[in-house]
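Quick heads-up: structures coming right below.
You will see two complexes here that share chain A, one where it goes with chain B and one where it goes with chain C.
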Partner chain A sequence: MAHKKNRNVAIIGVGQTKHSSHREDVNQPEMIHEAVSAALKDANLSIKDIDCIVHGNMELFEMIHQPDLWHVLGTGAYGKDSIRITTGGTVGTTLACASDNLVASGMYDIVMAIGFEKLQEGHTTGGITNMADPLWFRNLQTGALTGSTAYDVIQEFGEDRAKRAAMMYRIVMDKHACLNPNAHRAFGLDFDQVETLMNTSPQLVGELRLIHMCSQSDGACAVIFACEKKAKELSKKPVWIRDHITIHREETFNIFGYHKDFPVLKTHKFAAEQLFKRNDIKNPLEYFDVFEMYDPAAWWGLDWLRDFFFLKGDEHLRLVENKEIMIGGSMPINPSGGVIATNPIGATALLRVAEAALQVRGDAGAHQIPKEVKHALASGFGGTMWTVLMMLEKELSW
Partner chain B sequence: MALDYDRKDCFIVEGKLALPYSYFAGRVGSTFITTLRDKKKIMGVKCPVCNKVYLPPRQTCERDLTDIRDNWVEVQPSGEVVNFTVVRYDDKHLPKKAPFVMALIKLDGADTPIVHILDGIAPEEVKIGMKVEAVFSSSPTNTILDISHFAPKKPEKAFVSERKPSGAKGEEPVISEEEKLLKERRKAMSKKVIITAALAGAATMKNQTPSVPYTPQEFAEEAYKCYKAGAAMVHVHAREDNGMPTHDHKRIKDTHDAIKEKCPDIIVNLSSAVGMGKTAEQRISQIVYVKPEMASLNTNTMNFSIIDRKTGKIFIDFVFENTFTMLQDFGKAMEENGVKPEVEVYDLGGLDNWLLISKQGFFTKPYNFNFVWGVAGGMSFRPDMFMVLKNALPEDSNFTTCGVGIEQFPAITMSCLVGGHMRVGLEDNIRVPNGELAKGSYEQVEWAVRIAESLGREPATPDEAREIMGLRKR
Partner chain C sequence: MLLKGCLHTHTTCSDGTLTPQQVALRYEEKGYDFIAFTDHDYLLKPGYDEIYSNVKSNMIIFAGIEMTVFLKGYIHVNRIFGDNQLLHIFNHLPEYDLDIEQIMDRLYDLQNMFTIDAMEITSKGFKVKRFDEMTFPHPSIVSDDAHTAIGIGRAWIELDAKRDKDSILKAIKHGDFWNCYC
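Let's turn to the complex of A and B:
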């Protein structure tokens, strides 16, 4: 039984920019406007049809305060209700959750969520360092670089197998990115490069290497949510939001030391357990047709499969090694290329939802998975150490 | 609020961050800032759907999301204050020392205001609705500070300094149909006004004002400045290097030619009075020798003295001799040599003298008169007397006027008002109306232009003046 909803909500339009490392040609509202106009076009709507704008990005990453006010020039929020949300890395999925709630509540019929980031303008440390607690040995929080997951996977499965699996994951993501014209980084990597890259890519922290890590991108994403009545009137292929969950746990802030019984990133598992339980999904690996996962680095993408799908032993490694996570495999992960390819942070998690919706509609183009997508999953990560999960459905049938 | 709470035993960790960042202005923002920087033009964008002109410019109209990135329109560097605040404290990040005014300014042609510094006015004098104009910065900043600040708008000044030479056909400025109609209407209402600058006279000396010219070069420079300011003609009494008025042919010709060389377009009007104590022969022979386009012709014998205006005390007593014979002979000599006489009228009797002599029929039309006011020995300026003189003129007459000292500007204003022309210059008066010493005759010309503009009349070019006065260009 999914959590109680006043009325059903569907995604009826998605839009995104081409993502890239620099967008000198546009300022922030101009870049956002590209995604906004793409989403309106996709939904065949005009800005007059939108009741409310939900705007979000990482706090202070562009060194601009209250960007939602300036961005009215591009968002279309002039004269409309507008809300700004900033929940760190998860903000994109939080935008989707909030939009779903705003429509489900009956307050608005049609809501547009807009996530963006223009990382080249700002300095992420400026925004992220407010996590600092200098008294307790956290002088500065400088970002998401950590080698501990690589260390754990290596400890558990041996150095060679772990490193190969992580690099396989990385190359699959690049192959997917090469099919997505909006992806930021698409190198054209091939599986025969696994060994070379394992040894030659510059190390960032321990076995976390540069090639494993996500990009810093400029880009924006807009998604339009509508109530059931409007969705059925306006859209031939509405994508229904079945349920979503947000998990953040107090103990995840305590990241001194490490104990295997209290792993840092436990929120994925908690989120998946609760969400699937209340929707009566026993085997998520079987149930879902595709998963757009917030995977900031190849090691995490690899490791987190186990948490999201309740996998045991080395099942998650085998999914990767057997290329089951590829387009055409049994559980395609990130047909879009994922976060490693494209990471305009405030848009990143909303892109997971948008790309999952495109898969459900069958409109993903060259990176559309070949089988019919009835059930899609999207995740957001960040926070500090939060998980947001959202389930999308083709039919209103649960 | 007093910070008197107990802070004993409170531990504080001090830190410091350096935060580099970039700002991408986007293409629209970039065009705006580079156009402002390189061309000193303020550009907005216009939405064709809602007709709003946005400043600062933006890529899309935020009301209807119309793409307006290429719809550039230039807005005026002037506008009005729609709101403002006074910054009353000093801080490192502030652009100026407090107190200063930050104003919301809606530029003419724009529908949205911008924020900028308003300077050149005391904060307590700033009013919503007041007109202001942009002061551009002298060196580029690549920010909106390429407009250094805004300042209260000065009254419109006639733009004559870059006037093209008469008859020159240059590139026509692009003007709208609306502006054209307005211009034609104005033209129909107005008549061109000829402004003459009497650069030196015979009596104004450098100890009174250093701007009075003595040498041919000084005359040329001064004439050029007057021309640039809007004068069509200069009236010249040549001087020696020591400042004494001269009847020496060569010196007069050199002075005349220096002016024409520096400023070929301008009309030179020579004096046939020259200065005190010159003989009739000395006075007319130089005119015949130089053959200027125009020369003064005096109409009556009169006292021409220097009297203390406050006490009535006589400083210099002198009789300016202009017999009927001289009026006749000088007039004939001028007409015969193609020099147009400017008939100097010091009182009604002088005009009557000319009317008598003119019965001989040698004066050619149109006739040109100059009403002279304030000479000690002539008449003082009185508006009703002005009308008497004007009404006594024969048909086909033009008139101009000049006044000595403080009578200069009231007299020329009246002349301009009733359809006559205007003479200014250091010969008649060394000051401008606010009482300050004129920087030169040209500054009085600027004032005359302002008077003309305010009365809806445009300064005549030299060619237009020739046409009006019937001169032969040399």
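Let's turn to the complex of A and C:
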């Protein structure tokens, strides 16, 4: 059974900004205020109704300290209880998990989670690379600019098939992003560009090419969580949080020195196994109607399908090749366009939860999947190689 | 005659958010006499050249391309086509996180591949003091490198030349132009 909660919690409001490489038209508090205002409007609430603000982003990516303090005019946190969380790339889903826990515990009735990032105002690479320092035994790596997954997939399935599948995944994400007015990058790519892009997109590391990679975005997301009583009073379409899990494992902490028996990116599998087992979900591919996955690059998105859905052999490649991951397919992945399209890091994983909630409500607009969404999954990834998964439900019936 | 122009801007033919026609309209509204479409080579949409040539505008529209060149990392070089003239610009120097020595090193290598005519010293249309004060072996030039509507009109060049493509490119090669910022 799902992990025990003191009381049920639902998402009753979702807001996000337009995402862009450079939101030069707004400063940080103004940008955050856009998302906060949108979430409050969506929930038909005012800031007075919010009991606690949970605020998060990537530590030092804007080269500033304690943004939760000087963002209060944008967040509405002045005079309220407020908590700041920073867990790297996962921070958005950690915000959602923390908000869920704060409400479920009975401490607060209504909590607003806010994730933001304004990557144009900092030095992202500097922030990431300073994490690793063998001199101080910080033998860990963060960041997504790695070519090893491409190498592994090519080794397993052959160069041509692997490269085509990764580019197919990328183009599907772009097609989804083109339907999402808030997405940062929507190029209008088409499947007849697969071969061209395979060859012309600049190489970053090995076969990881620029077009495969996520963006650096500016943007913010706010999500409002309420206890069952309030959710039923205030919302016509509450989206219930069934369960969530956070996994980080010791063997993934040190990735200098690869060994085939100790694969480095298996926290997804461990997270999915535990979460689905305790919720008695035997076939996640069948159970879930949509998955908003934290996919920093097309190679990872492609590869990770196997881990999250317990797929065997080349099943994950076939899902992509047969376009089953598209809106309208059997398992739509990232109808929003995903992380590759939009990546304001502190907001990115919260956007996965927000977009999954919109799908459950049927309010995703042009990128709403055509079938009814009863069960949605959202993931976060990052920090020092860890995974967060959150399950959302239309009905309070598990 | 005095002409106002920008030789580096992006459209939906690569990663810009405005179509070539929309881009042209925005610049024309701001009083420009010429612009160059310089979409990224690796993202170019099929049929981009036809799309460029169908743009209706009173301005002179140069077709161009922003090339991605690998030289100890990726360098961007604009190639702009006149009627008979060809212009190459070493793009957005402030954006590579390179010191001046490294930039000169890259320039040396680039010159073995192309005839570099100018060095772009702006970043997304903004003045960068360190580069604005430098003297390079080629004329320093500014541009918007606009990808969105908000990026249009920040930096431009003005020059005194005949209103035709080759005269404009020749003036730039000779350094006969002024860099201007809003």
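The working rule: the second predicted complex is superposed on the first by the 387 of 398 C-alpha atoms of A that agree within 3 Å, B and C clash if a C-alpha of one lies under 4 Å from a C-alpha of the other, contacts with A are read in each partner's own complex, and residues count from 1 in each chain.
Operating definition for what follows: a residue touches a chain if its C-beta (ideal position, glycine included) is under 8 Å from a C-beta of that chain, and two chains touch if they have at least 3 such contacts.
Predicted model, so just to flag it, every value in this text is computed and none were measured.
Enquirer: Would chain B and chain C fit next to each other on chain A once aligned, or clash?
Expert: fit
Enquirer: A:E24 in the overlay: touching chain B, chain C, both, or neither? Say first, second, both or neither.
Expert: Touch partners of A:E24: chain B and chain C.
Enquirer: Touching A:I211 in the superposition: chain B (first), chain C (second), both, neither?
Expert: A:I211 sits against chain C, while chain B stays out of touch.
Enquirer: Which chain, chain B or chain C, ends up touching more residues of chain A in the combined arrangement?
Expert: B
Enquirer: Can A:G188 be said to touch chain B (first), chain C (second), both, or neither?
Expert: second
Enquirer: So after the superposition, what angle do chain B and chain C open up at chain A's Cα centre, nearest 10 degrees?
Expert: Between chain B and chain C, as viewed from chain A: 60 degrees.
Enquirer: Check the residue A:G74 against both partner chains and state whether it touches chain B (first), chain C (second), both, or neither.
Expert: The answer is first: A:G74 touches chain B but not chain C.
Enquirer: Which of the two partners, first being chain B and second being chain C, lies in contact with A:I47: first, second, both, or neither?
Expert: It touches chain B, and chain C stays clear.
Enquirer: Report for A:M63: first if it touches chain B alone, second if chain C alone, otherwise both or neither.
Expert: Touch partner of A:M63: chain B, not chain C.
Enquirer: Smallest separation in Å between any Cα of chain B and any Cα of chain C in the superposed model?
Expert: Least C-alpha distance: 9 Å.
Enquirer: On chain A, which stretch or stretches are contacted by chain B in one complex as well as by chain C in the other?
Expert: Residues 22, 24-25 of chain A touch both chain B and chain C.
Enquirer: Using the touch definition up top, name the residues of chain C that touch chain A in the complex.
Expert: 12, 14-15, 41-43, 45-46, 68, 70, 74, 124, 147-148, 150-151
Enquirer: Give the list of chain B residues in touch with chain A in this complex.
Expert: 11, 13, 15, 17, 19-29, 58-60, 62-65
Enquirer: Which chain A residues qualify as touching chain B in the complex?
Expert: 22-31, 33, 36-37, 40, 46-47, 62-63, 72-74, 76, 78-79, 118, 120-123, 125-126, 129, 132, 134-135, 139
Enquirer: Could you list, by residue number, the parts of chain A that touch chain C in their complex?
Expert: Result: residues 20-22, 24-25, 185, 187-188, 192-193, 197, 200-202, 210-211 of chain A touch chain C.
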